[in-house]
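Look at the two complexes coming up: chain A is in both, with chain B in one and chain C in the other.
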Partner chain A sequence: MEPLLSVRDLRVRFGAVTAVDGVSFDVLPGETVAVVGESGSGKSVTMQAVMGLLPRGAEVTGSIVYDGRDLLARPLAETRKLCGTELAMIFQDPLSSLNPVFRVGRQIAESLVRRRGASRKERRAHAVELMRRVGIPDPERRVDEFPHQFSGGMRQRAMIAMALSLGPRLLIADEPTTALDVTVQAQIMRLLADLRRETGMGLALITHDLGVVAGVADRVVLMYAGRVVETGTTREVYDHRAHPYTEGLLASVPDDGGRADRLVPIPGQPPNPLRPPGGCPFHPRCRYVVDDCRTDAPVLVELAGRPADHRAACHRPEAVGA
Partner chain B sequence: MLAYLVRRLAYSVFVLWGAVTIVFVVLRVVPGDPALVILGPDADRAQVAQLRHSMGLDQSLPVQYGHYLLDVAQLHFGTSVRLGGDAMGQILLRLPATAELALAAVVFAVTVGIGLGVAAAARPNSWLDRLISVFTLVIQSTPTFWAGLVLLLVFARQLRVLPSEGAHGWQNVVLPAVTLGLGFLAMVTRLTRSGLLEISHEPYLSTVRAKGLSERVVIFPHAMRNALIPVVTVIGLYLGSVLGGTVVIETVFSWPGAGRLIADSISYRDYNVVQAGVILIAALFVVVNLVVDLLYGLIDPRVRLGGDR
Partner chain C sequence: MTTPDPLLSVRELRTGFPVRSAVLRRTVGRIDAVAGVSFELRAGETLGLVGESGSGKSTIARTIVGLARAASGSVVFDGTDLTAAGPAELRRRLRDVQMIFQDPYASLNPRRTVRELVTEGWRIHPDLVPRRRWTAELAELLERVGLDPAHADRYPHQFSGGQRQRIGIARALALRPRLVICDEPVSALDVSIQAQVLNLLSDLQRDLGLTYLFISHDLAVVRHVADRVAVLYLGTIVEEADRDEIFTAPAHPYTRALLSAVPRLRPWRDPGPEPVPLVGDVPSPANPPSGCRFRTRCPVAEDRCATEVPALVVRGGHPVACHLAGVPV
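Take a look at the complex of A and B:
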């Protein structure tokens, strides 16, 4: 199957800082791909590059091919035209992502009005229908309310409604549950999974929480210090983790067994982006470190005896999980 | 909402009483005797004394103040000793000209100010941004009457493109309105710029971009509506000084408005007209501020006044 989105060797630099360093991954039509990493791993910057949302002054190289079109080879205005209609995005904090001074319904229907020239009446009906679809109760009344009158979960539902407005084929969700209560997190994840199934759109889920990933993602892309360190189908990566960072992340996720196992944190801190360590960026925190790791940055390669789409960037993948 | 309005009205009465009292005290503290001004330097003592008596000026200040407060409370502002007729009537007669001038000044300041502010904020620290910031700084440090004289010299005397005085057509309002609005313009420019920059990194603007809408839509209406909140607040406060500024501007440009009448009445010691004028300006100021505060709730739904949520 042709990938819907294909990112190849993407590099994003802000002055002296390299935020994304040679990232490649694909999203197939209708597929859910989770991009997982700590803050500063470059996962959000990668998706901002896809949406053309990077601040001025960012240097971007590589290629971002959406549906056969290389977005980086075309003017930004062209990418913007795809945003909303083909690609849509929801963000981490639904309160600050909604304009506080406009009614929720107006914001949900804004794309329809400005890009399809919908009338006032159509606008309202459209917003109410979308709000109903994302499970906002009493949409006829709430369509006229302001964001501050919504709860956190309802705000994120409104954001999702807004993103669905023009029927995109790829939804990028940047930490959509991070700012929400735990009980609400599960509802939002279920809603996203249901909507993906109903619409057949692709879903790129950015998260730092591997626990969120397990139930929804077909494939995972793990990022560390601006690079992809491991990627593969979710099942495969969980069962046959091949990078010490993946192992560390999985050890720091509470077990679903509910047993009071001790959580094991990854020692140390993510690298300072101004002075990244030489060799493998993870080596200062790695328990399997050998001399090669300090000098040679490992590349993302297939693993002996594993499916071809399972790749890891590690000199000693066989040591992990052994 | 109703409770809020009642509270505001009570507060307004207090403000008006303050204005009424201050103008009363100031007029009586400054040297000069209205009776003497009216009768001229040749009048004899007996005549002056008689006129003072008929005007009530021979009574003690507290008694005069008491009579004055009672009159004002009944909306009696006395007669103009210079022009004859009702003092407030004289002011109201000239109020439309002043309103025209003030409105023109505000429209000029707000439209040009917002335009300059947007231009400056679009590229912070660019040469254009720096130029605008120097321009606003110079304007804010320039006394209004001096700016008015310079504009007169340049546009009316040297270039001869605009008339220097009178109030006959739209050309006449340009110079006085620009002069009156300059300080306000600088303030609106700076507030718009800083307001826009402050919110330029707000995630809700990214949301608009993620919808694929243009930068123009990002600024109008999404960023502007939020950046304007502080601007609207200041417009209310500043309108007071615009109204006060008309006194100077109308004199410089010979504009036949209430401001010039107040200025002239001060030199003639025409107490009643000055008092009526100041009270009217204070009342307008109070009303405008109330309107602005109500408007504020309209612009920012999070502060619906006395609201239920």
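Take a look at the complex of A and C:
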């Protein structure tokens, strides 16, 4: 199957800081791919590059091929045109993405006005329909309400309705449930999974939460310090982790199933982007470090005896989990 | 065997805030953020207070340390009712009760060095540490929380999030508290750093004999640190039990929903409990439902749940506030 989105060797630099350093991954049609990392890993910048949302002054190289077209080789206006029609994005904080002075329904139907032209009545009906589809109760009434009258979970549903309004083929969700309560998070993740199944759209989920990933993602792209350190199908990566960072992250999560009295944290701090360590960016925190790690940055390669799409960037993948 | 007196005893606590009109700021109503909460905390144990937004968990913490005023009820710390104490006595008693906040970025004054931040309490309580001992005590304290004493003259912005939370912990420990209220202490931190801070908190408890009131929305974190757990919903405790019991035999439909909503790390191996679907969001505390406050989202609610407030009493092993405790959902 041709990938819907294919990112190759993406680099994003802000002056002296390299935020994304040679990232490659694909999203197939109808697939959920999770881009996972902690703060500063470059996961959000990667997706902002896809959406053409990077600030002026960002230096971007590599290629971002969407449906056969390299977005980086074409004018930004073309990416902008795709956004809101074929590509849509939802953010962590729906309140700051909704305009407080316009009625929710009008905002949901806005893209319809701008891109297709439609009568007022049609727009309203469209908004009501979308609100019903994302599970907002009593949409005929709530379509005329303002964002502040919506709870956090309902605002995120409104954002999803807005993103869906033109039937996107790829939805990028940047920490969509991080600001929400856990019971509401479960509702939103179920909604996204249902919508993906119904519409066949691809879903790129940016998150720091390994539990959320396990529940919804087909494949996972794990990032650290601007690079992909491990990727593969979710279950394969979780059960046969091959990068020490993956291992460390999984061990840091207070898993509900276990009752270990002591967590195994990753020592140290994430690298300072202004002074990244040489060699493998994870080496100062790695328990398996050898001399090569300090000088040579490992590349993402296949692993002996594992499925071909499971790859890790580590000099000693065999030591992990052994 | 006699049970020793609890270190902290909260009885029928109510804390509310006035709701004011937009223009004239007239009081038009009240929000009972904490609507009659009782619990006890024994010395050396950790009680986890779990709840979602609007549950009142942070307001309980703020009321205990005097940052919010109780409308009624009592907060008895080591024999003294803090809600009835005068300002001087309150200040003296609250030295033993310190707080660690969620956001180490917002809770540390950016213009103060670590030295100033940590020694501030010694300035306020001069009998605690003689001035000539400050440098030595500070160094010891910083080392204890895993910071380099050589960085004592740096400012908060020069530290990472996890290190800043360590500064917050050092600041709380400087007053040699007996009770530490941890209000979402790791929620703002990256996963790999969370584990460091949780381990530090458990080491400190063991070494210093601290008592923790640990407030969190994250059940997995609470399961990791707490001896007992109280689950809050819209200002009331709906269930309270020992840690293992609450996680293996939850009786309140809300507790069950909360547990089933926690994403599993490896759902293919451990699918977890059957999902308990909750409809909608938490209602506004300004206008709570009649009867049981949870009934509007409850999958098993009956007619009487709308009229009779369920009491928090032992039903099948531990206290549960539900008419239908244990009914399959």
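Quick notes
Methods note: the second predicted complex is superposed on the first by the 316 of 322 C-alpha atoms of A that agree within 3 Å, B and C clash if a C-alpha of one lies under 4 Å from a C-alpha of the other, contacts with A are read in each partner's own complex, and residues count from 1 in each chain.
Going forward, a residue touches a chain if its C-beta (ideal position, glycine included) is under 8 Å from a C-beta of that chain, and two chains touch if they have at least 3 such contacts.
Given the structure is predicted, the values throughout are model-derived calculations rather than measurements.
Of the two partner chains, chain C is the only one that A:264 touches; chain B does not reach it. By the document's definition of touching, neither partner reaches A:306: not chain B, not chain C. By the touch criterion defined above, A:106 lies against neither chain B nor chain C after alignment on the C-alpha atoms of chain A. In the superposition on chain A, A:13 makes contact with neither chain B nor chain C.
Touch criterion met: A:186 reaches chain C, while chain B stays clear of it.
Annotation for chain A, partner touching more residues between chain B and chain C: C. Touching chain A in their complex are the following residues of chain B: 202-204, 206-214, 217, 221-222, 225-226, 229, 299-302, 309.
Within the complex formed with chain B, the chain A residues making contact are 51-53, 80-85, 88-89, 91-93, 96-102, 107, 110-111, 114-115, 146, 148-149, 159, 162-163, 165. Residues of chain A touching chain C in their complex: 38-39, 137, 151-154, 181-187, 189, 208-212, 214-215, 235, 238-239, 248-257, 259, 261-267, 269-270.
Those residues of chain C that touch chain A in the shared complex are 52-53, 160-163, 190-196, 198-199, 202, 217-221, 223-224, 244, 247, 257-268, 270, 272, 275, 277-278, 280-282.
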